[in-house]
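Following this line, the structures themselves.
One chain, subunit A, appears in both complexes that follow, with subunit B as partner in the first and subunit C in the second.
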Partner chain A sequence: MFDFIENLLYYTVKLSTPLLFCTIGGVFVQRAGTMNFALEAAINTSCFFSVLFTVITGNTFWGIVGAFLSCIIINAIFGTFVVRFKANAVLIGLAINMLMTAVPPYLLQAFFDSRGLLMATDFIDVNKAINIPFLDKIPILGPMLNNQTPLTYLVYLVIIILTIVYYKTKFGVYVQVTGENQQSAEAVGINTDKIKWIALMISACCCALSGLNLTFEQTGSYSLNMSAARGLICLAAINCGSRRPVKSCLYALIFGFVRALQLMLSSFVSPNITLILEIIPYLTIIIVFIITETSVARKTTMRFFREE
Partner chain B sequence: MLTTTKERICNILNKLIPLFLAFLVGAIFALIIGFNPFDVYARIIKGGFFSTNNLMMTLGFACPIIMTGIATAFSFKAGVWNIGIEGQLYIGAYAAALVGGGYYGISSLGLPSYIHIPLAILTGALFAALYALIPALLKALLNVNVVVSTMMLNYIATGLTNFMCKAIHQGDQSYDSTYAVMDTAILPKLDSRFRVTYAIFIAIAIVVVITFILKRTKFGYEVNAIGRQLEFAEATGMRVKKKIIILFLVSGVIAGIAGATEVLGVNKNFTPGMSGDPGLGWEGYFVAVLANNNPIAVFIIAIIFGGFRYGSISAQSQIGMPLDLLNIIKATMILFYAIRYFKPESRIFNIFGTKKTAAALSDSKEEAEQNV
Partner chain C sequence: MSAIMRVEKLTKKFGDFTANDSIDFEVKKGEIRAIIGENGAGKTTLMNMLYGLLQPTSGQIYFDEKPVKMHSPADAIANGIGMVHQHFKLSPSLTVYENILLGIEIKKEIKLGKKAVKLPIIDNSTERKKVDELIKKYNFNLDPDTKIRDLSVGARQRVEILKMLYRDVKMLILDEPTAVLIPQEIDELIETIHGLKRMGQTVIIITHKLEEVKRCADTISVMRRGRMIGTVQNDDEATSEKLAEMMVGRPVLLSVIKSGKPVNSEKVLYEVSHLSGKNSEGRMVVNDVSFKIHENEILGVAGIEGNGQTELMYLLTGLMKPAGGSVKINGQEVLQMYPDQLRKNGLGIVPEDRYLQGLCLSMPVSSNLIAGYHGQEKFCHHGIMDKKSIRKNMDKLVDEYDIRLSKDDPEVSQLSGGNGQKVIIAREFSSDPSVLLMSQPTRGVDVGATAFIYKNILRMRDENKAILLISSELSEVKSLADRIIVFHNGEIVGEFIADEVSFYELGLYMSGAKSMRDPA
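Here is the complex of A and B:
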C-alpha cells in the first residue's frame, strides 16, 4: 500500500510535467485575451518533429531544434491569423489542430511506410533520470522527487520564473491589462498585438518543452495523436484556475494526478476494464468544471439568493 | 445597387480564395512526397463525381455528413460552439447498433422491419440527445466553456463505446464489434451496388425541416438573435437558457440519426473506429463552417465533401495517395476561410472608381508584363 502511494506520487510528478509546461505557457496567451486551442497542435507538432528530425539526422540536438522551430511556426501561423487578421480564434485553433493531426500520418505514410508510429529509440536514450543522493533519505518526498528527468526539474524553475514575470514585470502587467480590456490597453499606448505575439512565443517554447518531455524522456518514439488531448486538458486547467499561473498549475497537477491514478489502477485490473479507465481524465475535467463553475455561478447569477 | 454588386463580388472572392489557397497548400504537400498534384486532384474529382456510379457512392458518403453538418450548423447559428457532434454520433450509433443487433431480448420479439428500423433509429436519436443534454446543462446552468466540455465529452463517448463494445457486447467474436444488425433492422439501400441508403431521404427531410425552422418560425428567429448577440436577446426577454438546451437536444437528435443510419444501413455493426478519419462529426464541422451555417449550403458542400471522401479513396487505391492529403486540404480551407480578404468598404473597390486607379492598374499591368 505504501509502495502504491509512493509510486502514485512519483508518477503524478512525472506525468504532470508536460501538462505543467503547456499550462504555464498557455496562461500568458489566454490571459492576453486569445483562446488558444492550438496548444494541442503545438504539443503534437513538437512530439512529431522532435522524433522526425532525430531520425533524419541521427542527432538529438536537431530533434530539439526541430521541436522548438515547429512549435514557433505553429504559433506563428496562429498569431498571423488571429492577431494580425483578427480571425475567430476558436475556428483557427481547431483548424490548426486538424491540420496537425493530418500532417504527421501523411508524412509518415509517405516516407516511413507506417501511418501511426515512428521509432527513434536507437537515437534517444529515454533513461535520463537524475539520482540525487541526499533526497532518498526524506520519507515520502524522496521517492516522489528523486529519479525524475531533467525537464521535470526544469518545469518548476520555469513556473517560478514565469510567475515572477507575470506578476512583477512590466510585460506581465501589460499581458493582464490586454486581456482585461483591449481597448483601454491600446488607449494608454500598449501595443497589444506585440504583447500577444510575445505571449504566443512564450507559449510556443513551453509547448516545445512539453512535447520534448513526452518523446525524449518518456516514450522515445512518436505515435499517432500522442498528445492525447493534453493541450485541451491544459486549457481546462487554465480556465479552472481563472487564468492565474500558480492556480492553473495546481489544476494541471490535479489532472496529472488523475492520469497517474489511471495508470496505476490499470496495472491491477483486467485489460477490458483499463479501457473504461481511459475516460477518467476527461471525466475528471467535466467534474472539476462543474465544481469550479458552480462557485462562480453562485457568486454572479445566483446572487439574489443572498441579498436579504 | 453598386454596393450590392460590390458585396456580391466580395462574397464570391472571399469564398473562392480560401478554396484556391487550400488546394495550393495541398499541391505543395503532394509535391513534397513526389506526386503530381494535378494528377491527384483530377483523380479525386473524377473518382468522386464523373459518373453515375461514382455519384451514387458519393451520395452514400455524403449522407451522414449532411446530417452532422446540419447538426453543427444549427448550434453554430446560435453562437454555441457545439463540437460534440462526434461524440453524440458515437452514442447514437451504439444505441442503434444494440437495438438493431437484437441485444437484451429484442431479437426474440420478432419485430417486423417497419417497426424495428424506426425503433433503432429513434433509440439512437434519444440516447444522442440525452448525451447532448450534458453540455447543454453545463452551458445553460453553469456557463461552462462549450468547446472544452463538448471536446471532452467526445473523448468520453469514444472511450465509453469502445469499452462497452469490447468488454460487454462483443460476445465471442474475434473482431471488435457488436453483433451484426438483424435482417429486420437493416436500412435498405437504394441499389444494392452502391453505398447510398434510404437515409438520404431522411437527410433531405432534415435539411428541409431545419431550413423551415430557421427561416419561418419564431424559434428560428430567436436562434438567429441569440447568435448575433446573446445579451441583447436575453434582455429582450428571450429565454436564452431554455433555447440553448433545445438547440443542443435538436443537434443531438440529428447526430444520433446520422450515427444510427450509418450503422443500420452501411456498416451493419458498430466498430470502435466506425466514424473514420476525420470523424463524421468533424466533417460536419468543416461543412458547417464553410457553409456559413446555411442549411442549403451545408447540403451542397456536404455532397462535395462526400465526393472528396470517395474520390480520395479511389485515388489511394489507384496511385497510393495517402488519404490524409484531403484532411490537410480541408483543415487549410477552414484556416483560410476564417479571414475576410475583401470587404466592401476596403480601398481596392474605392480605387476602381477613380481615374487614378486606372493609371495605377495599368502601371501594375506593365510591371507584371515586365516581370514575365
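Here is the complex of A and C:
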C-alpha cells in the first residue's frame, strides 16, 4: 500500500510535467484575452516534429529545434488569423487542431510507409532520470521528486520565472490589462496586438517543451494523437484556475494526479476494464467543471443575462 | 496671450456623412474653453481628431505654432495633448498609482559597484512615491494604494486627470466631465479645473450642460451639426437661453411645465415593501427598500449611478431574483413574475439600456413596436402573427409619437438614439399600463426629443398613471417628479417633495453625507 502511494505520487509529478508546461504558457494567452484553442495542436506538432527531425538528421539537437520551430509556426498561424485579422479564435483553433491530426499520418504514410508510428529510440535515450542522492533520505517527498527527468525539474523553474513575469514585470501587467480592459491599455499607447503576439510565442515555447517531454523523456517515438487531449485538459485547468498562473498549475497537477491514478489502477485490473479506466481523467474534468461552474451559477441572481 | 492650439479647415467625413465640416478655431494658452453642442453635433469627433483617435479627412492642426499629425493617443500625449474620456479607461483591478504609470512603468535599479543596472522588474515603491508627490502637488484627495474598483466616480476622474498630468501635457481635454458626478463633486471638479488654470494648464471642456459651462469657462465655442457656429466670451451677455438657441438653432424652452393636477393620495397603484436583492457576488445591492406610488404621481429616484438603481429596476422588471420583499400592482402581488406576466398585470417598462434590453437592433421598427406584447390577441391569432395589424400599429404610433424614419419600416439599428428611445416610449405608453417604470429615459437623446419625451411623461401622469422615474440626471428627476427618493448604497436614504428640496440638499444625501437612516 505504501508502495502504491509512493508510485502514485511519483507518477503524478512525472505525468503532470507536459500539462504544467502547456498550462503556464497558455495562461498568458488566455489572460491577454484570446481563447487559445490550438494548444492541443501545438503539443501534437511538437511531438511529431521533434521525432521527425531527429529521425531525418539522426541528431536530437535538430529534433529540439524542430519542436520549437513547428510550435512557433502553429501559433503564428493562429495569431495571424486571430490577432491580426480578428477571426473567431475558437473556429481557427479548431481548424488548426483538425489540421494537425491530419498532417502527421499523411507525412508518415508518404515517407515512412507507416500509418501511425515513428520510432526514434535509436537516437533518443529516454532514460534521462536524474538521481539526486540526498533526496532518497527524505520519506515520501524523496521518492516522489527523485529520479525525475530534466524537463520535470525545469518546469517548476519555468513556473516560478513566469509567475514573477506575470505579476512583477511591465509585460505581465500589460497582459493583465489587455485582458481586463483593452481600451485602457490602448489609451496609454500600449500595443495590445504586440502583447498578444508575445504571449502566443511564450505559449509556443512552453508547448514545444511539453511535447519534448513526451517524446524525448517518455516514449522516444511518435504515435498518432499522442498528445491525447492534453491541450484541452490544460485549457480546462486554465479556466478553472481563473487564468492565474499558480492556481491554474494546481489544477493541472490535479489532472496529472488522476492520470497517474488511472495508470496505477490499470495494472491491477483486466485489459477490458483498463479501457474504461481511461475515461477517469476526462470524467474528472467534467466533475471539476460541474463543481466550479455550478457554484458560479448558483450565486448569480440574474434571471436572463449575466452581467459583465 | 498666444494661441496654444489652432485648427484650420478641419473636416472629417464618414462615408457620405460629414461629421465635422471645415472647422476653424483656436485656443489660447492658459484659458478654460468650453465646447458645447447637442448630441451628434460633432464635438466628440473633433476632440477625437485632436487626440489622435481619428484622422482628419482634410485640414491641419497646429500645436504650439507647429503643424502636428497624430496617429494615436500616444502621439497626442507626446505632443502635450491629454484627454479624459467620458467613459474612464482605467483597469479596475489595479491600484491608483499602477493605473497612472501604466505604459511608463519605472524599473527597479540596483547598484553593482558603481554601475546602476536596471532590472526588468517594476519598482513599486518609487512609483507610489512619485504619484504621492503628484497628488500632494495638485492637492487631489486620493490614496495611491487604493484599487480603482473601490473608488467613487469623482475619484476615478481625478485619477484620469492625474494620469495626464503625470505625462506633462500642456492642454487637457475633458469629455463630458460632469455627466456622472453629483453636485458636490461637480463643485470639486470646477475647483480642480480652476486650480489647473492657476498652474498654467489649458483646459478644454466638452459638454452639453450649460449650467457648468457658465460657472467655469472663460470662453465658449458652440457647435451645431458638424459646424463651429461661433465663440463667445463667458460674460453676462452669454445667457443660458442664448447659448441654447445657438446650440439648437431655434429658441428652446429649457424649463418643464407641469399641469398642476394634484396627486390622488387616496389611491396607491404601486407598492414596494421591504424589497431586497443580492448581486452575483452576494453583496446586498438593494436593501430593504419600501415606497408607494399613487395615482397621478411621478416618483423620482435620485442617486449616483451604481448605488442600486440598476438592480432595483432589474428586480422590479423580473430580470433578477429577489432576496425578499413584496411588490404590488393595484393590490396584486407581482414579485417573482417574469416580464411578460408583469406587462399583463399593467406594467409598462422603459429599461435603462435601450439597446440591450429595450430594442432588437436587427429587427424592423414595426416588430420592435410590439415587442413584449406579441402574445396579445390583436397582434397574434392562434400563434400566427398578424402582419396587417402590426403594420397598422406602427403607422399609428409613428405618427402619434413623431418617430422619424428614413425609409419605410427600417431596422432599428438605423435610427438615432432619440428615435430609438421614442420607439420604446411609444410601445410602452400605448399599451395603457397603470404603472410605468422608467430608467434613464433621455440618456443620449437630443434636446428636441428630450422635450417631447418629457411632455409625454407628464401627459401619462395626468392620465391617472403611477410612474417611477430613475435617472442620473438630477435636474430631470427634480423637474418632472412630484416626490423624490434618494438611493445610496442600495438603500433609500432620503425622501422629499420635489418642489421643496434644493439640488445641494439632494447632493448631500446622494453622496451619503446625510441619511434619514442615521439616528443623528
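Following the convention adopted for this analysis, the second predicted complex is superposed on the first by the 298 of 308 C-alpha atoms of A that agree within 3 Å, B and C clash if a C-alpha of one lies under 4 Å from a C-alpha of the other, contacts with A are read in each partner's own complex, and residues count from 1 in each chain.
Just so we're on the same page, a contact is a pair of C-beta atoms (placed from the backbone, for glycine too) under 8 Å apart; a residue touches a chain by one contact, two chains touch by 3 or more.
Small disclaimer: the values here were computed from a predicted structure and weren't measured.
Set against each other, subunit B and subunit C differ in how many residues of subunit A they touch, and the higher count belongs to B. In the superposition on chain A, A:I279 makes contact with subunit B only, while subunit C stays out of contact range. When the two complexes are overlaid on their common chain A, residue A:G189 makes contact with subunit C while staying clear of subunit B.
Look at A:K168: by the touch rule set out above, it reaches subunit C but stays clear of subunit B.
When both complexes are overlaid on chain A, the residue A:F289 reaches subunit B alone and has no touch with subunit C.
Touching of subunit A by both subunit B and subunit C, each in its own complex, is seen for residues 296, 301. Across the complex, subunit B is touched by residues 35, 37, 77, 81, 85, 87-88, 90-92, 94-96, 98-99, 101-103, 105-107, 109-111, 115, 229, 232, 235-236, 239, 272-273, 275-276, 278-279, 282-283, 285-286, 289-290, 293-294, 296-297, 301 of subunit A.
Against subunit C, the residues of subunit A that register as touching in their complex are 164, 168-170, 173, 176-177, 180-181, 183-190, 296, 299-307. Subunit C contributes residues 72-74, 77, 85, 88-94, 98-99, 102-105, 107, 120-122, 163, 277-282, 314, 318-321, 323, 338, 356 to its touches with subunit A in the complex. Taken in their complex, subunit B has these residues touching subunit A: 29, 32-34, 81, 83, 134, 138, 141-145, 147-149, 151-153, 155-156, 159-160, 162-163, 166-167, 278, 282, 285, 289, 322, 324-325, 327-328, 330-332, 334-335, 338-339.
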